[in-house]
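Look for subunit A in each of the two complexes below; its partner is subunit B in the first and subunit C in the second.
Entry: the complex of A and B
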């Protein structure tokens, strides 16, 4: 090949390569794509202080609404609508500076009055926010000017900034956000067809980097198999949380990507610690030792999921593996039952939500406890019945439930919570941890509290769910962890 | 003398339902493994220890299918009993009633029939809570309107016959007319309908259990077996195929029996 020919050949090659690259980039950077997200968790309503459920967090948190701070997918707290904050030397006064040029979707500029209104919405008497109790320390909220908020606490709260990441900043003029919205996030609410879809449209007036896609459509399913089929047929691009390891076989091809991220969702066997026989820690320990949690985890999740032995997932700073505190040991369980005054066991009702994996877990628990003489009557209930009878009326002996939040071991410091665990030492340690002056001190105190909670077998923390996201291989930029059920959509690209 | 032969459909139907009944009966005394036995390993394929493999909790699928047969047949039997009692009583009452009452009852029955049995059953189960007895009552009540409507029609037809007028003229009381004339005359048609309802009741129970509204765990209804197998169908297809085949066998068996009984009872279908 002479030089001239080589030159022509090289030029054609370069042109072809640049054409391919340009085309690929054009596809990869399709900023007008619609991302279809498949989920099993449709919101009950669109207000996270009105019992919207985990679906409302998944769809709207970080996408439509933003807080002063953001809990990232990796569990870090970052500034969001607050650009800076100062803490007084006594740790009781927080002064926040708000980001400028932030507009709500309705067009109004964000002011400190909106922040005050939003905090009040969470702490209101009728608020159903999961973090409501964390804000009991708020003594007053002052708004010296439009860009500053001064919050005074009644006692130190080292988690205060973290807790603020749970509060959506809502336009104070938006009185009812149960079916509409007025947030500051990168998306506005499109349409919500109940039982079917919820769409979000890119907000052109967003203060930060614009969303990398034009529209996001959450498509809701009540059946996991139908959801899997939707991904197979490309009706959805991604499944936010796969619910069965056995469904993954169909996605093990180059057309799909499977990720196993960090989760904060725990499956609990919750005892009503107020009532006999669960008042006695020895009975609770016996039950915990009688159930082979490892086998149950493998039965439900195969090779996925984690045993923690406590409420604390590995993403929490105060995590310790405490699986050996109450080891699986039916012989020990029988001894403990005898010591507790129940040598022949007893009978109790296990209120079991009617959706997976609870019925299967209840069946396994019944089978395990029968070996130590305990008879379990499985009572299948709906989610509504669980909320009304178990959570509100406390009319139960034991129940199964998953808890999705991180850093929620502190709820064992609230004796009025639905499980009724009341250990003054734990309450004192958790309060001290909250008032600690450093994160190290907080971590040490919460580790101590957690060890006592586990030694008391306040509940049986069966396992930590895996967070399996399955997506089309053409998709990128989606979150792989499931902290607090958030699913940030703004970085997702298709192509 | 010509030996009266039974239709082949009837024989096959009896064989299928009889086999399931035998399995259900045996399950009262023996199953290969206890339902609480979770030692079989997760989703074991069929092997010599577990002929139909195991479910994800390690329970023997064959044992669960055997218990499922008991549930399906008992739901079929008892719900048909409830449905027949209510339906025949209302149907005979409507058949004898004055025009306005009859029309009102007929309209009510039409409205009830317009609701699918499964929907009625779901409403009742939702009110009473899910249990086997709830499922039986719900399905029984759900099917009673269909039986009542058929019974009313048959009673009306029989009442129009001359022998009823003759019987009444000879001083026979209405209750006696019902026992000696009406019931024997409507029974051949009713039994076919009841047989069909038996199969549908088994199917309805499976549907309710599939939806989580039937027998609570650890009861092993075929419907709940199917529901559980849904997510493992790719890795353990036998867990879905086996209860599905059992349901098919029950419904086909019962339909064949109904068909056979109809052939036997209907002179127009007999071979000359």
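Entry: the complex of A and C
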């Protein structure tokens, strides 16, 4: 009997083991208010060069850390810790002048050595920065005096100043910033209770205008419904990015404000362009024309979201509406399939991440492609499996994935990228665009490249996610666009 | 008894060691790499290699295992591969929510279930006996998250008297806030748990009520209550204690659902996130602690049963003889 009982507990023990499988002008706003921000994206750690993820950008970018330049909520690049810069006539040498009287939260004054250190952190061998490859062109960083930084490039880079807006300027004396910080922003880090909250406190020694609130508390949720309930019960004042469109109906009252801002997150049906049958552009075009992206967008996001027909969101300077290049037309799709040598269709595996909206999108795609004779085997995978099998091993035929950054059409100029799109004309246009002498020339070159990419249906750009911020109607000054997940909190007021 | 205790303790330590080895092996059998959680789409091969080196997934398995065992014996569990923070204090912080949550819910369920279960058995043929039986059956059929959703809907969204979720940023320093945050989650678990406990207690009491020794006691002139008090309670309690142990252990692990509904930073939510990121030290740490809790609960239940029912000692001696 005793052994039997122990057996029961051992079973429970085994069960435990098996679990492993900007709206402003507020009236009478309280400058000492605490703003509670609800989010689904908790940072993994606090270092954006150490794999901190989307959450660390949302909470700390612009709030705790600042760059030489700032990407505003409307997508403009403005001076921040740099007050001016000069570019040499050959476009290879940039001289930056740093702002005076800027102090880190630890009290030290900002110098050019900190800037050099911060750039080195991003380009270092162990850097996990998503922007690392943008800085391959940096040949040397010199600091002729405390207030000047001279950066020499190996080739022209029209996006260089824009790219610098992603580099946080960190105190060179701060060794490990994965759980602490030493930035120059309007807030200092308060406490980070993992799995629950991260608080930011107004920094009294800030060089610019002080934050309009005393404290900001990011409250993290893993469940979208729990997050919505928190706003309904006023436990949070704003939701940075609403992910359940069905829930919006409950916020349609005078007590809340819903904003539909500009987003840079795209949902893609990615083809492995290296393998048959997807190495044939005609097959990719047929699939793109066989799927009613408009219907799919409506079924997932209702009245929200945008169709772009390409990788380029409307906030990128080289945006054009290219939805008509590969129109929804099943008859055309069948014709193209026959021309490509697949009159009876074919079968392929669609590797589908197990989180929303991918499984629903995959089911829709399966039923659409069945109408033109293509059989889709949906293979549900975890984010981890996606990274291993799809991204690293390239062991896939097609997959669904979202790409969050702006200006990322340039990935189609890299034939080694996971989708394997290799068009020499596009590669040369994208390289030429980066070395262009003016923004206008860059824009023209990227527009040409993008038209070719779309004509080749390199991927199917299903839709651009909406960026929906829901806030209590007493709140103002919050950012409404979700550019690269940043969420500036310093202008938010309550009351 | 002392001999039994020593034997049982040896068995406990052996089980814990076996559990730790199984944990390590099972985790490594899973496909995936913790380095992936640090990478973004667009990472270069050099960045992938650097991430693997950082998290240690490039080390030989034996080396990883020895590291784990050393950390285990010092009860430190290492540092999270993803956030870099020490695992042991993180688990302790999460347990400061999960343990009060499960223990309070368990005690509350027990306080409710014992009298209800007894009445349901003692008055099984009355209308309220049947009603209790039906209600407890219904309680078992309702999923725990649904009870949570209904409580949130009523007390948070409609009446607005209790928070819908979350835990105060000051933690237990804000005692009133923390208690308020735990009230609905405790109720959620307690409601579901008391339903099943009521049924177990009812059935154990029914068995005892129909037993020969109660009939004999009644024949000797005792009232039902007297007979139950002298002979019934102790007998009925033996199987119930065994169930209580299993229920407590299951709730401790199963609290993850309630923690998710109420956005509580407990042990369960830590485990779920760690699993999705393949954060081995955290997964190993949490599972080791919960496995240990389950084994220790089992150990205590065995001791309690032996104390309550001396026949268990005798049967052991008889078997040996």
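Here is the rule we use: the second predicted complex is superposed on the first by the 468 of 495 C-alpha atoms of A that agree within 3 Å, B and C clash if a C-alpha of one lies under 4 Å from a C-alpha of the other, contacts with A are read in each partner's own complex, and residues count from 1 in each chain.
The rule is short, and it goes like this: a residue touches a chain if its C-beta (ideal position, glycine included) is under 8 Å from a C-beta of that chain, and two chains touch if they have at least 3 such contacts.
Bear in mind the structure is a predicted one, so any value in this text is a computation, not a measurement.
Contacts of A:411 after superposition: subunit C is touched, whereas subunit B is not reached. In the superposition on chain A, A:388 contacts subunit C only, with no contact to subunit B. Once chain A of one complex is fitted onto chain A of the other, the partner contacts of A:247 are limited to subunit B, with no touch recorded for subunit C.
Shared-chain residue A:199: touches subunit C; no touch with subunit B.
Which of subunit B and subunit C touches more residues of subunit A is settled by the count: it is C. Comparing the two interfaces of subunit A, the one with subunit B and the one with subunit C have residues 225 in common.
Residues of subunit A touching subunit C in their complex: 1-2, 5-6, 8-10, 12-13, 15-17, 19-21, 44-45, 50-51, 53, 125-128, 130, 132-133, 176, 178-179, 191, 193-197, 199, 217, 219-223, 225-227, 229-230, 232-233, 235, 382-385, 387-388, 391-392, 401, 403, 408, 411, 417-418.
By the touch criterion stated above, subunit C contacts subunit A in their complex at residues 11, 15, 19, 22-23, 26-27, 30-33, 36-44, 46-48, 50-51, 53-54, 82-85, 90, 93-94, 149, 152, 156-157, 160, 163-167, 169, 171, 242, 245-246, 249-250, 253, 260-263, 265-266, 269-273, 275-278, 283, 287, 290-291, 294-295, 297-298, 301-302, 305, 312, 315-316. Looking at the complex, you find that subunit A touches subunit B at residues 224-225, 243-244, 246-247, 249-250, 295, 298-300, 302, 352, 354-356, 359-360, 362-364, 366-368, 370, 378-380.
The touching residues of subunit B, when paired with subunit A in their complex, are 36-38, 42-43, 56-58, 129-130, 212, 216-218, 228, 230-232, 234-236.
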